[in-house]
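Order as written gives the chain letters A, B and C; numbering starts at 1 within each chain.
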Amino acid sequence: MWSWILAYRNLGRNKRRSLATGLAIGAGFVGLLLISAYLYRAQLALQASTVYLNNKGHLALFKKDSIFEFTYRPSRYIITLDEQNKIAEILKDLDADIEFTGRYLTGTGLINNQTKSTPFIATAVEPEVYNRTLNHSEVNTWTPDWVFPETVAHAGKFIENPKLVSITESMAILIGKEPPFSKYNEDERNIQLIGKTFYGDLNAVDSELGLRHTTGMALAEDTSLVVSLSQLQALYATDGIQYWAIFLKDASNIKRVQKELQKKIKEKNINIDVYPYYDDEWGAYYVGSLGFLFVIACFFVVLICGAVVLSVVNTTTLGIFERHKEIGTLRATGFPPRAIYSLFWKENLILSLIALSAGYICAEWIASAVNAANIKFQPPGTQGDIRFVLITKIQITLALGFIVLLINFISTMIAVRRTTKANIVNLLSASGG
Amino acid sequence: MKTLLLFLIATFTLRAETALDLLKESDRARGAVGDGLSWNLTIDTEEDGEASAREFDVKVKDADAYVEATGPARNKGEVYIFNDRNMWFYKPTLKKPVAISARQKLTGQAANGDIASTNYSRDYEPTIEKTEEINKEKFFVLMLKAKTNTLTYDKIRYWISAKTKLAMKAEFLNLQGKAFKIGELSYKNSVKDEGKSIPFVSELKITDAKFPKNVSIIRYKNPKAEKVSTSIFNVNNLSR
Amino acid sequence: MIVEVKNLYKTYELGETKIEALRGLNLSLAAGEFTALIGASGSGKSTLLNLIGCLDRPDQGEVVIAGQNTSTLTEDQLSEIRNLRIGYIFQAFNLVPVLSVFENVELPLVLRADVTPAQRKERVLRALDDVGLSTFVNHWPNKLSGGQRQRVAIARALVTEPSLILADEPTANLDSKTAHMIIDLLLEMNKKRNVTFLFCSHDEKLINRVQKIIRISDGKLI
């Protein structure tokens, strides 16, 4: 107990220096918390966007080796109707883990309104699934500003009219039909989708403009089109699909469900691979974005930790210089080197705990203020603004606090080490306290 | 000097005329004749180890063409209409026809523009590049440059027999002047034009210049001159 | 013998110069002896005191404290010897400014697992009583006079009930009246507790009252 009392009182010997060091630790902690809050929110938003808005599901079933090859040889890598039936049987066994599933097809072609045409990259969705993904609670919680409210509100229209297409504002301008589409009569809303069937023949289907969406990515806005699965299958003259997405009740079960699926697929002898949304190939945007954010965050974390380390080492070293004689006296009266380590470490620990507490309160306040300010920004490469939101998590806070304490401990050891090895006589004969 | 200049201009003009004449003559054997023509078409394709076949009925008159798919069953009822240099695609499930490009791939190595009649003299600017002797037969090698960018090919190197005035070989060139497809023609058919029997194309073999195993053979069957009603070429008649 | 010093050598390096502070010194101190170590500046008296106090290690020779040869002990073992067997009184008092009088005196005892808190309290109060500062228990060192501070230091040195107390110029920073008081106190503690005292001093008043004088010159006893 005495050592804690001594440590606490030693902090008051130079209040200004203790305050400065405390501020450095506290500010560093605030920085770490805010970075983690941004990263946490970004990760959850990217996850919700990737899984639900980008229709990847938590897991996706593909024909073997087809993730990249499907675009060039769709007929070879399509999941046939027969294979779909086998998969459906397998998925029934995993009902307890699965919230819902969706079948998807993608492809290219031209959208034509009789006067203008422009290329499209279509995602074909099952209307009920589309409605479900857009209205999912994860989307509402983490990415409400990444999707137009009208897209969500009208998501069920595909169910009513499977011939509808959803296009972006950019594409609408390209074909000369700026939204809202309700201002056009039925004839004016009619458009055609033109493409090549999987047999290589030219084909076209009639469709109707009705819905608007955004991809969130500037590069994709000119070509993105969402259409019902039956429409695109009719265009490509197929009953096959490109992949089958699985949406789990609990995302933490991904690995287990993936393993079970792979096992059952192997038993059924179907040539299918299972990919999680965070796979490098399947979830490249998610992995890449998160990786980029992580690298940037690490850079700042290293900077912050470096500043904290230097601050603690500096303060502790100064304190040691001033207390050489006192340290010598303690050693002379029988205090072993580890007791000296302990004394300084406890001093820095008390200071850190106070600084961390203040830092935590400060960070929470800043996060609340930022969230209340409703700041919007447009990240590079995205379409439209997104809200800048910070979300703290207690486990992350505790982990970061532990890291700061660990850094503090190591810094103290670095500063004190030399003194504990110093000759007691030299310590006693030093000037100062 | 003036005389020399006049002589040169005359020579080139003569050569240009000769090139155009050659082209016009060869066009007759590829459908640019009379008041109307019809024939049956089959296209057999071998591409990346996979074989496929298409069948069409073709009716042409002047710059218009009406092409109806007759096989395989999945394509039956599909119609391609050529109005001058505009192309349309239609099938019964569509409310309206769709504007398409002559350059788009129809099947295998054949583009949409390959299945109608060929009127290169109307669509291309010809010049004689050189003459060549192949199997003891003299050929004029013409360079054809497209007059508009809506045509099937930008440039064609065209071998026309000096004797028969029939085009026997074509190299279809990209903008850089490199051949990407090679066509070989045969004329075992004949049609009546103004009472006279003239040769008519029986086969056009188109080979991928980079991957010679990818081939499409267009076979022309039962060509005959007939009066063709202009209403079938009216795109508006196709709408539901 | 409480202290036995055998053939002690100690050399210091000052830049390129080597200074032989002790050259083959031998010494013995019995229990209860009140001994002064005198010599000119640079004679090696502080060096000898430091080596006996296990604050430094000799280059050659042995220092035996209460029968234990300290030359081969580890740093932790030496710390234990210093805590159990030796008390120190410094010229500049060396009190910890953020600890009260009671806490300063208690300091050496906090390391002792064999001493209960109650026993610690009792010994501290007894030591403070011995030095006449029992009413200054909660005072802070910066509120004390020089003499009072030195008495606190003496109490701190005594509280562990050591076999040996070492003092390096204990009265150098005190006025003559206070110095006299401190000397009386040291003598009293020597008699009362039978603690061996060894100190360096130039103070004639102190030297005149010791039982034994050891003279040192150029690193050797004379």
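Everything that follows uses one rule, which is that a residue touches a chain if its C-beta (ideal position, glycine included) is under 8 Å from a C-beta of that chain, and two chains touch if they have at least 3 such contacts.
Quick caveat, the model's predicted, so the values are computed rather than measured.
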Looking at which chains touch which, would you call it a line, ring, star, complete or other? line
Comparing A-B with A-C, the one with more C-beta contacts is A-C
Cα-centroid distance, chain B relative to chain C, in whole angstrom: 117
Compute the distance, rounded to whole Å, between the mean C-alpha positions of chain A and chain B. 56
Which whole number of Å gives the spacing of the CA centres of chain A and chain C? 66
Give every residue of chain A touching chain C within the complex, in rising order. 2-3, 5-6, 9-10, 12-13, 325-326, 328-337, 339, 423-425, 428, 433
In their shared complex, at which residues does chain C touch chain A? 50, 53, 55-56, 75-76, 79-80, 82-84, 88, 90, 92, 94, 96-99, 103, 106-108, 110-111, 156, 160
Mind listing the chain A positions that touch chain B in their complex? 112, 114, 117, 190, 192, 194, 196, 199-206, 237
Chain A-facing residues of chain B, complex: 47, 52, 54, 74-75, 78, 89, 91, 93-96, 98-100, 104-108, 112
